[in-house]
Amino acid sequence: MVWQTLKLSLLVVSIATIVISVAGILLGYLLAKREFRGKNLLDAVLTLPMVLPPTVTGYYLIILLGKRGVLGRVLYDLTGWTVTFTWIGAVIAATVIAFPLMVKSARAAIESVNADYEIASYVMGRSEIETFFRITLPLASRGILAGVVLSFARAFGEFGATLMIAGNIPGKTQTMPLAIYEAVVSGEDEQAKWLALILTGIAVVVVYLTNRLSRPRRVD
Amino acid sequence: MVWQTLKLSLLVVSIATIVISVAGILLGYLLAKREFRGKNLLDAVLTLPMVLPPTVTGYYLIILLGKRGVLGRVLYDLTGWTVTFTWIGAVIAATVIAFPLMVKSARAAIESVNADYEIASYVMGRSEIETFFRITLPLASRGILAGVVLSFARAFGEFGATLMIAGNIPGKTQTMPLAIYEAVVSGEDEQAKWLALILTGIAVVVVYLTNRLSRPRRVD
Amino acid sequence: MLKARFKKHLGRANSRALTIDVDLKAAQGITVLFGASGAGKTTILRAIAGILAPDEGRIVVGDEVYFDSAAGIVIPMQKRKVGYVFQNHLLFPHMTAEQNVLYGIRTGVRRNPRERARELLLMLGIEKTADRLPHQLSGGEQQRVALARALATDPSVMLLDEPLSAVDVSTRSRLLEEIVSIQRRSRIPFLYVTHNHSEALRLGDSMMVIEKGRVCQEGSPMEIFNAPRTASIAKVVGTENMFVGRILQHQFEDGTTIVGVDSCRIAAPLNALPVDSRVTIGIRSDDILVSLERLTQISARNVLEGVIKNIFIDVDKTELMVSCGIDLKVSVTRSAVRQLNLKIGSTVFLLIKARSVHLLE
Amino acid sequence: MLKARFKKHLGRANSRALTIDVDLKAAQGITVLFGASGAGKTTILRAIAGILAPDEGRIVVGDEVYFDSAAGIVIPMQKRKVGYVFQNHLLFPHMTAEQNVLYGIRTGVRRNPRERARELLLMLGIEKTADRLPHQLSGGEQQRVALARALATDPSVMLLDEPLSAVDVSTRSRLLEEIVSIQRRSRIPFLYVTHNHSEALRLGDSMMVIEKGRVCQEGSPMEIFNAPRTASIAKVVGTENMFVGRILQHQFEDGTTIVGVDSCRIAAPLNALPVDSRVTIGIRSDDILVSLERLTQISARNVLEGVIKNIFIDVDKTELMVSCGIDLKVSVTRSAVRQLNLKIGSTVFLLIKARSVHLLE
Amino acid sequence: SVSNEILVSAAISLKDCFEEIGALYENETGVKVRFNLGASGLLQKQIESGAPVDVFASAAERQMNELQSRGFILTETRRNFARNALVLVIASSSELGINGFADLIRPEITRVSIGNPKTVPAGTYARQALTNLQLWDRLQSRLVLAENVRQVLDYVARGETDAGVVYASDVVSASGEGIAVAAYASDELHDPIQYPIAVVKETKARDNARKFVDLTLSPAGQSILKKHGFLSAN
């Protein structure tokens, strides 16, 4: 049971982290480099999922994506499929909740890169995409990696919104944090401790490895 | 009532954000600049409050700080005062939950600063503290400000751990997210919507203003 | 062929730092941009590369229009084929020297880019630094990597902003030859910014002096160094003797104009300025000959008697300060000092051809 | 007084880039560090400033021990009173020019720091840039701000790493005088890194040539430029004529040693090397005199007949390439060219004093 | 707590009626009452950790039993002040024709939500009822466990689940929008749904706390509870 929960948690968090990283870096880049009206407002609005209690965010997600939701209805009418109570719902919830972390971190990291290097790359005839991957991203890597780690941690621990949209179907959509919460509230302290230990253990290992990864190559 | 809740929320989040910022920047600096055994492990462990469900974090906080807690007992024996069910408890909860955001962001931002500038400052006879405030901090300001904004948002929205340690006592320890939670759970949808609107409105304004603040002075 | 004619205001509207207003043509060959610090040389290069958009004007390289404010054309920098050695190098800090150079090689252009990169590093004498990151390189090594990277780009126009300012004389001398030979082979215009006379002379097929954002003199380097048109150009190019005087008389039969500077009468080439106008004249210290006797059978129009007040001994020239009513710097070889037994206090005669006296605007 | 004796290995253990191993003393006055790019000049300054800890050795300034590996003393850079003009400027990008200079002024030292900052900016001719951020400054302006900032620090030792490489000749000339006068007033040791001969000559009370991390020659700049001790020093300091030859005979009565280079016999100062040893000799182009007649009543030990193969005209010197068995570069003034009517193909006699022929190691 | 103020930790489902009873209490005694509302399990944990609570009102007996057995409440003050009934709810727009619990096993029914039996009292009772109806095992794959009753109602009202099991009082308080009661579970199917209340042992306002407990049991208190859909204690 624990194993299944863990497997699901890892699946959900892996996909969510990848989605968040890709989309977050992209959006962070646009916010850092492009000027458009309402840019800072957009940035501010993007942090909302952090401010609202996850349950409330989850509630809004249902309103949007549920079987009778604004988008969910269209999807259901077309395919007969709905995202609620599926592990994909858990991925969506985790993604939405942790996304602001990535966008903010990526934007700040990209804005901190000395633009002269990007200019030098352009002058050498390199496209914006190539410059982004070979110059901007490596030079912003510290901040971006911090964002990835934060998003990972947040997504890994997410359960309020997840619970709402993915439901708690034992063995199907129950993630680790949910299991821990359940154990704590129902007074199964031993179980809770064990689960928490596993969860934090995994998180610590992942974060630790990422940290090592981002350590500057020692040069003198 | 709403006004009081809001006032409390703002008080809690202000203090928490200040504490988080100061302590987080300091710790981020130490992690960035000092070498010591288990540094990256410490960094990893510090992200834990993000991974555990806030309620669980709150539960552990109570075990630590409650009247019968490891630390709380000492405090109680000495002063007859306990942190549970006080607004200070809410500050502690928000601080603990949002702290990792600041530490990670600050560490990454500080590590991204070209150390040559700090060296130049030292060579000019400036102390580490002076160099930190006048060189490192301004040059890392983007990433650090992103961390502050994220921490603010997270602290502002925090309710799981707060509920546990500070309780949900209207007019005393009930913050905005708790009020929203309460309204949602007890089916007061109208009330919930209004509260959510106020909460998000304030968050958007604060984040927006911070964004404007951190905008580079346009120079050509 | 590069044609650039544009205006650009720098600084805030209320406190203009500088207005660039140039019209320059650079043919195939090396065109030197010479000018004091802050004259606007880098800004001109940046506009050509597209890093900075002029307020108005037109920039054409070959038959490609890079910029045309009238036609609304602004080709982005990625599309301009410009090689650029930045004044502050701008080596990518996360790439080794070799990777930096490789990055300069346009994808698909070379069959074996690694070989080309190695070749360039070897040519510039920094092959040993190939695997080092920029912060592990010395200043001169960094500069050479930047040069290699720019040379790697196979551009339509090459912009070099003081590319050899940080290397030693002997390396510089070798690299100057390499730069010339690369230019000759590539047959594209090189714009070369420098503060160094001998670089200008050795490289420059032509030269432009930039002053306060404008091209204020154009010609071959030798021409300009010999005959700077204004006092400030003279200062920039280093004409040592400059005086303000008045036109005393025109000697039409002689083809000379006599200029009075303090108590001295100096013959200059004939000009059309009214008598009594104030003029500035410049005399290069190198154009003055020293003799111990008052020579008369000589073509030099000016023979001034004076006393040596000081002797400056420098590795590549020895300078005398001779007082003859006015103080003149005179450049001589050390052997001449020995042969003529020149000492402080010696009386000497200075011979200056009229043609060596330049009227400056 | 600065005394620095230390070793420092650069690069990874398995692929040493360079080992610095120096023992240098710099008295009050300006000591020039001269050397090819990559010789280790910057690294030496960094070690003195405390940016880099030597592997072993001892560094003392005045009576303060900055570093002593034996005694385990490592004074942190904050506590060393060092003024440093960094080769890459390192202006703080978030501070204006004036703020950068103000930052250099140690707190509490000056009564009116703002005035002092303005004064320095004015002295360096960049007062107008006071309110600009570094990225709004030209390369030369940035360099001058860096210089002003270092001068502002009131240090016990001043380290200047090519502080004038990016400014024009006329500004440089003025600033050299300022630097000298500041040094004279402050009475502290200045270590001045440069690649430029005339800077070295005009500033250097003494000079050290750095080669591969070692001090390979010490003396006054003039001494070293005139008599470089090894071929590689000669190359760095720019001795134009170098030949490999063999000792033919020692003429004890004359005080000369005859060196054979190809078919030429050249008289050099007497030395103790065995006959037939291979030696390298160097002759500065400036030390050769040109005559149209074969002079005999002259002190020069070497009179070589040759033909002018080429004439290079440069702004500050004209060089002849004369073939007389060996090819010699000869420096003459332009007036001499005119007076003697020197042309390619002319036959000339070169006069070289034995003392001007340097045996290089 | 200060002597003229008491703090009542109450299950969040009691919010509305306790606020009314609280107003009454303040009128009668002049003592201020504050509420700390949350899930019963969390409230229990708070009390165990020494939170300064005077009165605890739980939505289920289990939490009270645990506190009692560990000596955190004054046993003699413990009372059951209300009961509740379990109902099967469906969306009022539902066309599945669900009329009773037995209908839940019909193949077209795909999702049924109940409270998480481990954390939500209503869920615990729902499990008992379904088990007794021999439905629990067969419904396993259709169950969606919610974290609170409100969530069950949301699911049902928004059509995410075909039916749900909640308390009768919840349907009243939820302003009933979009919800219809399909069936009541008879009392024998589950343990009595009792709402216990007790004074916390560490209270410093034992008398005032006692008065609050008494008030909930008084006719005035009971009528307020009844108004909100609860059943009387006995």
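Per-chain numbering from 1; labels A, B, C, D and E assigned in written order.
Here, contacts are C-beta pairs under 8 Å (C-beta built on N, C-alpha and C of every residue); 3 or more make two chains touch, one makes a residue touch a chain.
Since the structure is predicted, the reported quantities are computational estimates derived from the model, not experimental observations.
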{"item": "Taking each chain's C-alpha mean as its centre, the one farthest from chain C", "value": "E"}
{"item": "Label of the chain whose CA centroid is most distant from the centroid of chain D", "value": "E"}
{"item": "Centroid spacing, where centroids are CA-atom means, of chain C and chain E in whole angstrom", "value": "90"}
{"item": "Rounded Å distance between chain B and chain C, as computed from the means of their C-alpha atoms", "value": "59"}
{"item": "For chain C paired with chain D, centre-to-centre distance based on mean C-alpha positions, whole Å", "value": "22"}
{"item": "Residue list for chain E, restricted to those that touch at least two other chains", "value": "42, 45"}
{"item": "Chain D residues counted as touching two or more neighbouring chains", "value": "10, 88, 136"}
{"item": "Multi-chain contact residues (two or more partners), chain B", "value": "55, 59, 184"}
{"item": "Partner chain B, residues of chain D touching it in the complex", "value": "49-51, 76-82, 84, 86, 88, 90, 92-94, 103-104, 106, 133, 135-136, 149, 153"}
{"item": "For the chain B and chain A complex, residues of the former touching the latter", "value": "40-41, 43-45, 47-48, 50-53, 55-56, 59, 100-101, 104-105, 107-109, 111-112, 140, 142-143, 145-146, 149-150, 153-154, 156-157, 159-160, 177, 180-181, 184, 192, 196, 199-200, 203-205, 207-208, 211-212, 215-216"}
{"item": "Touching residues (chain side chain D, partner chain C) in the complex", "value": "10-11, 17, 35-42, 87-88, 128-129, 132, 136, 138-141, 144, 161-162, 165-172, 195-198, 200-202, 221-222, 225, 235-238, 286-289, 313-317, 331-336, 339, 351"}
{"item": "For the chain B and chain E complex, residues of the former touching the latter", "value": "55, 59, 62-63, 66-69, 72, 76, 82, 84-85, 163-164, 167-172, 182, 184-187, 189"}
{"item": "Residue ranges of chain E touching chain B (in the complex, touch as defined)", "value": "7, 9, 12-13, 15-16, 34-38, 42, 45-46, 48-53, 148-150, 153, 170, 173-175"}
